[in-house]
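Worksheet for the structure shown next.
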Amino acid sequence: MRSSLTSANRAGWAFALPGIVLILAFIITPFFLGVGFSLTNQRLISPNATRFVGLENYREMLNIAVVDLQAKTDSAGKTVTDADGQAEFPRLRSITRNPDTPQYHGMQEWFRWVSGDTAHVVIASDVVFWKALLNTCIFVLMVAPIQAAIALGLALLINQKLRGITIFRTIYFMPVVVSIVVVSLLWRFIYSGQNGLLNNMLSFLSFAHFQPVDWLGNPHTALGAIITMSIWQAVGFHMVIWLSGLQTIPPTLYEAAAIEGSSKWQTFRYVTWPGLRHTAVLVLIVITMQAFAIFAQIDVMTKGGPLDSTQTLVFQAVQRGYGMQNIAGGSAISVILFLIVLVISMIQRWLTRER
Amino acid sequence: MSVIGSDNRNLRLGVRYLVLILIALIFVLPLLFMVMSSFKPSDELLRDTSSLRAFLPVGQLSLDNYTGAFERAPVGLFVFNSIFVTGTTVLLSLVICSLAGFSFVFLQWRGRDVMLSIILATFIVPFETIAIPLLLEVSKLPWLGLDGLSWGWLDSYRVQIIPWIADGLTIFLFVQYFKGLPGELIEAARVEGASWFQIYRRVVIPLSGPVIATAAILKFLIMYNQYLWPLIVVQQEQYRPVMVGLQYFFQLNPAWGEIMAYLTLITVPVLAFYLVLQKAFIASIASTGVKG
Amino acid sequence: MADIKLRGLRKSYGAHEVIRGVDIDIADGEFCVFVGPSGCGKSTLLRMIAGLEDISGGTLEIDGERVNDVQPRERGVAMVFQSYAIFPHMSVRENMAFGLTISGASKAEKAEKVQRAAEILQMEHLLDRRPSQLSGGQRQRVAIGRAITRNPSVFLFDEPLSNLDAALRMDMRMQIGKLHKQLGATMIYVTHDQVEAMTLADKIVVLRDGLVMQSGSPMELYHNPANRFVAGFLGAPSMNFLEVEVLEADSENAKVARHSMDPIVVPVRGRKFAPGDTALLGLRPQYVTPSTPDEGVLHGQVSLVERLGSETVVDLAMEDGTSLIAAFSEDKQFERGERIDLAFDPARTHLFHPDE
Amino acid sequence: MADIKLRGLRKSYGAHEVIRGVDIDIADGEFCVFVGPSGCGKSTLLRMIAGLEDISGGTLEIDGERVNDVQPRERGVAMVFQSYAIFPHMSVRENMAFGLTISGASKAEKAEKVQRAAEILQMEHLLDRRPSQLSGGQRQRVAIGRAITRNPSVFLFDEPLSNLDAALRMDMRMQIGKLHKQLGATMIYVTHDQVEAMTLADKIVVLRDGLVMQSGSPMELYHNPANRFVAGFLGAPSMNFLEVEVLEADSENAKVARHSMDPIVVPVRGRKFAPGDTALLGLRPQYVTPSTPDEGVLHGQVSLVERLGSETVVDLAMEDGTSLIAAFSEDKQFERGERIDLAFDPARTHLFHPDE
Amino acid sequence: TTDLTMWYHGAGNKVESKIVNQIIDDFNKSQSDYKVALQSFPQNSYNDSVTAAALAGNLPDILDMDGPIMPNWTWSGYLQPLPIPEDHFKDFLPGTKGVYDGKLYSIGLWDAAVALYARKSTMKELGLRTPTLDKPWTKDEFMSALEAAKKSGKFDYAIDLGMSDKGEWYPYAFLPFLQSFGGGLVNRETYDTAEGVLNGDAAIAWGNWWQSLFADKLAPGTSQDPAAHETGFIDGKYAFSWNGNWNAVKTMDKVDDVEFLPAPDFGNGSKIGGASWQFGISASSTAPEGAAEFIKFATQDKYLAEFSDALGLIPATKSAAQMTKNYKTGGPLAVFYGLSEAQAEKRPVTPGYVVDSKVFQKAAADIADGADVIDTLDSATDQINADIKRNDGYKKN
């Protein structure tokens, strides 16, 4: 229903206009330029003319297939096995570099699973992209809930009326004010595999039972290490957002709840949490967006390694756009990222809509 | 107060503080490492990284790293540039984004909802991915300065400021907050004859302390930590900000001591900014708090 | 100068219609009071006049002009909100001066007007407080203060005195009455307080479920309620309704009787009854007087006594099981269960159809 | 079961002391009403009893135990807030059931109790609304509903009926009275409504500026006010105070006179006066009766008439310039400027020292 | 006078800046036709800055660049050939000359070299032969030296390869190993494919060897922290270090008996990377003659020597070398001059190198981290080929 009284076409436009113009000029326009690039073979620098290639860049990135490898057999027709008794398979290059299967040329293995004498290999033209996509999703799925929850916990903790609480408030916030680049540099020392602080501390705390871990050098721990550090760095910011949400809840509601005999948890459940609805939407969306944009940590700490275990989409977009001078490819990643995040934020908003 | 009660109370209080302090350690130690290291010679600080010494002011402490940092790079200039660019952007951004947020929440106009969705969608675009098209764009934009019309914004403060003023996230922050303000206050002001701008100025903004602080901090951090953008749009040292300046220290042999000194130096203004804001923030909450 | 005309005004929230076609004329300078049960739409109507709610149907005219789509700030109204709506970030002084600040009044003017309002409201000592440091009644007075520092042509008050004590309320009531005379402004006033309604109003509008039940001068409504609802709504304690049988009726009077009450002749005030009809005899508690058993028309046993000092309200269980409220303008002592006999002046009763 | 003892209770906000040493005993099951001017500290006192405000001095005992430092949730009280404090994100139903939800009551129990409360409050049709969709009075009823669905041993009501219309208010008042009898719970009730205070209270406590002026049964306070403040505060319109000169006085009576009023003998009710003293003669407006010029003791000109239907309040300008309010329990018509003569029963007057 | 702008990558490097400024001052004073103004950039981000400026049409007259990127910039049209006859630089080390398409586009004041850092004492203790330029270690000798070091138990790792420095260091320092094995990054004749070069048998052999270094814990892997890289050899945690000559002076200060050994020969000769920073003239320069004047002025022996003394880099000419304290005959670093002269091989001279180097870097890191050697090399090959295809073979048109 359109309301005639609150409608103020001119005032409304006038107030929003500066913001809209700026966003249009400096975000939307370049973004669409980028979308345009992703449909060409645009290079960062090149004397060659730019060509329209349609969805070629996307096809190259998304192209994926499953091929089967049959275990090697000896002259007797028996399956050759290696030392561990596992069937041995021919190399993938017998397919990807085989003139008979040109459709698989230029594709690499992403992962495989073996059933009996057959190995099913998922191959893709752009394995790194798929890995980056997967890692980014893992990163977001880990960081968003954990960071939001810890931040809320901290906010509740420092929302107490205690002497000197602002000191703690400031301390918890401190990592936020330090640039993520700086933080990543510092944590590289902490995570160091041989004599890193973390290893030494853990070993001290466990009375030397702890085996040093090469946190950033081990494909199994690298992403986790980066997740932990990212949460550590940004949690203070979200704590402050939660805090300001907490402080907008009218004290009388707490009083009413107290009178009604509600316990701490019940007060949280029935008063605090519902009162934080707007804030929760905000925090979740902000964290998700920031998490999807993860770049600096990777750039400083691992450059996507080891073994692509920390590749992420934005890192890849930058790597391609600048490092590999393939602006078209980089733009295509950005567009895909945009679409993913758009869908997610629409789902998020739908889930948290006003009912 | 009974004796038992007070003991219990003190115990509970003690536990609370203990928890607070333990958590504080987690947050403060890496930064302590940074600060302490800035007083140590490079090789010593590297050696110390493996032990608790990293957090302690032990060894040969001196200010050499600081003098070294100042010799290596015009630190003062970089800090000034960053603060100037950041400060200007934050101020403009708060004004422009809060106006937009106000318009989206309290006013109704044709195309409002569509516009809002579009703007909110923009904060999904990571900057890294639009940097190049944006660079191409700003290198061709006109500017009317004191010395007449010129083309191209490169090598200036404005190129570091203007594109960053408005962003979807800041507008979103304001929109979310404004939605939660009691509508009747706006109504009261309207009946009192206030124009929309007066409502914005005198009612909404004074009540928006928390969100202004949040948005300011966020923007400040984003701006202060700018790296890629100034790197590609600014060629002259005179306009370089602190994060580009950090690269001065990564030579073939990074001067870790000086790096730590530099990091400490550039972190101080942000911390100061936060402390000031926090005070304002708390004051604004105290004054707007409602009692039953 | 502003006269206000509501013509077939309607308001819906979704499918729920809360104002269902209201016509009211408020003359320039008139003091009009809206009364009605909680939730009947008084605040909504006021907010529509102020321009804070969209009008779903009908027209609203101020000063002869259709203002359905005019912004509140252009309507020249001041309003006291039921929920106060004072600005938490401003001191009392700033709150009161808000309208003046907005219109760019000089410092001196602001200071003077605020000072005057504060005197009227007896809150000069609170001018520098924040709203959070005020009691409920004090907040309400700030809201009134904000409205009266301006000189609008229309005042809208939404239960402005509900949180004040009797003495202060009386005082404020008189101040508002005075203000009305002085300024000659049109005032629309929502209240639950009958005294306020009766004493302040030039015209009372009784609402029910989004419809106007009756409007007119206080005495008109009190003495000639248009229907049973209005009769019951005005006056405290409210009118008793006794079921009676019509024995005879003409255009002036009717003869009615009921179990254990001898037939009496009562005025029909324009209503039509036929013999044999069942009717309701309306009898204000104040018009019932104690009497001797043989003079008395009504007899009952005291089931509840409320002593208010200058008045005593008695709830009587009558022989046929119905109850009757009687109010005596004296402090009287009754025992529960005591039997009393009552008389009343038939000329002061009202006769209604049961389904009105 | 809970009796409540306040002993020397104090409360300061910074340097500002708003409760300045209050002693009150409230017996188990008693219905105690706090009255007093706006800002005198009623809400603060209530909030202190509830445990929502720190106690700056003195002790508060519930059921014989000192509870100064006990958490609200452990005090077993239910409270209706002056500002309602209903949860905006819950439906009316959920709001009312809140206390039960908290204590883990079964669904059936919640449904039943909410249903009962809704019936009492006449808001069954609103149960699924959100607070933002309710009118002021409806919100207030939700707050009452939340308190009464539980069975606490102490009820605290802060002006619970201020936003309701007369009829509903009377109804609610009776419901609360009934509830009190049924549950036998201790109730403390803040109100500005004299009728509520007089009818509900076992004991009324009159407060002023953070101090208790008098406490006792309604009739005690009405007929034997301890001081001029209480006398003026209770009763509406409030008592007239006429300056008189004491001619003679003993322990029982005093003979007083004033310009243009012949000497009369009035009771001193324990106060001491000496001949030649100036005193104030308190005279309730209801106890003034019209009379013939020669019987009349007071003479004046009508300066204001307020007709309330069953009562008529007249403001008289007397010959010496002071004004006098008279209330007649009838609808009477007076002209402004009309001269009237009044009589009163000296035995019903009160005599006060001027500086009380 | 004509104003010339010049960009240089030395921001933050006090010594380097001082000399560059000195040269510019001298030049400006030496004549009155041209006036050079300097803008310094931090090295790490220098290429990005130049690329951005080029995109925005904002290049200076004179700029310096890392050797291997020159073909790319030339191909993209940023640079113009130096208007200086080639024999002007005939005495210059081959690594300092940026030739593409038969034309000289850039000239360096110095070259850099990599050597195997070792302690004399360690060598003796482990009983190792000291390799020479003429007779470098073979692969087996090298590996047994590492094994010996590991077995001695005195070191955390036998050799530090500098794996923490994930940048141009990888191709610069490790590509020569691959070349010594007989492999390469791309076909150096046609520059149109990497097939068979980067994933041929020689390359696979290299990959297996490379992986074994880390699998056998002879060298710290990609997660090595920068601190360990810097202090490890000096603190005696590593027996050997594969390191650049720019670290030589500093190491000599701390380790008296350090010596610099030539690269081992893995079958196809000892090889190290060549080509360091060089000066060139932008295509958009309006006064190329002036720029050329400056370049000629700056490449005088005295400045070459000055740079070398200050930074420890190899001066571009023999005559300049004689003027330095480290590289004159018998000087402590003279060995590097020989290394550079004898072993330096340029990285592939193709515009595609920018991408190739990134691909190599990732492949080397992945193999070190344990990835399948053949699959990784295949994948790298595919990427390079795809890039070449995407750029229409990097042909000029």
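Read from first to last, the chains carry the letters A, B, C, D and E; within each, the first residue is number 1.
In this text, a contact is a pair of C-beta atoms (placed from the backbone, for glycine too) under 8 Å apart; a residue touches a chain by one contact, two chains touch by 3 or more.
If you're wondering where the values come from, they're calculated on a predicted model, not measured in any experiment.
Trainee: Note down the smallest number of touching-chain steps it takes to go from subunit D to subunit E.
Mentor: Steps on the shortest route: 2.
Trainee: Chains in contact with subunit A and with subunit E: which ones?
Mentor: Chains touching both subunit A and subunit E: B.
Trainee: Of the chains shown, whose Cα centre falls closest to the middle of all protein Cα atoms?
Mentor: B
Trainee: What whole-number Å value describes the gap between the mean CA coordinates of subunit A and subunit B?
Mentor: Subunit A and subunit B have C-alpha centres separated by 22 Å.
Trainee: Using CA atom averages as chain centres, what separation in Å is found between subunit A and subunit D?
Mentor: Once rounded, the distance between the two centres reads 64 Å.
Trainee: Hey, how far is the Cα centre of subunit B from the one of subunit D, in Å?
Mentor: 56
Trainee: Which whole number of Å gives the spacing of the CA centres of subunit C and subunit E?
Mentor: 94
Trainee: Going by the touch rule set out above, which residues of subunit E reach two or more other chains?
Mentor: 48, 51, 55, 225-227
Trainee: Multi-chain contacts only, two chains or more: what residues does subunit C have there?
Mentor: In subunit C, 51-52, 71-72, 83, 133 touch at least two other chains.
Trainee: Pull out every residue in subunit B that's touching 2 or more other chains.
Mentor: Those would be 49, 132, 136, 289-292.
Trainee: With touch defined as at the start, can you tell me which subunit B residues reach subunit E in the complex?
Mentor: Result: residues 42-43, 46-47, 49, 71-73, 132, 135-136, 139, 152, 154-155, 231-233, 235-237, 244-245, 247-254, 256 of subunit B touch subunit E.
Trainee: Under the touch definition given earlier, write down the residues of subunit D that touch subunit C in their complex.
Mentor: It is residues 13, 35-39, 42-44, 82-83, 126, 133-138, 141, 158-159, 162-170, 192-195, 198-199, 218-219, 222-223, 232-238, 284, 286-287, 306-311, 313, 327, 329, 331 of subunit D that touch subunit C.
Trainee: In the complex formed with subunit B, which residues of subunit E make contact?
Mentor: 7, 11-14, 39-45, 48-49, 51-53, 55-58, 225-227, 230-231, 234-235, 244, 246-247, 250
Trainee: Touching residues of subunit A toward subunit E in the complex: what are they?
Mentor: 41, 43-48, 91-93, 96-97, 105-106, 108-109, 127, 188-189, 191-196, 214-219, 222, 302-308, 319, 322-326
Trainee: Show which residues of subunit A lie in contact with subunit B when the two form their complex.
Mentor: 2-3, 6-16, 18-20, 22-23, 25-31, 33-34, 37, 44, 154, 157-158, 160, 162, 165-166, 168-183, 185-187, 189-190, 192, 195-197, 200, 232, 236-237, 240-241, 244, 247-248, 250-252, 255, 278-279, 281-282, 285-286, 289, 292-293, 295, 314, 317-318, 321, 327, 330-331, 333-334, 337-338, 341-342, 345
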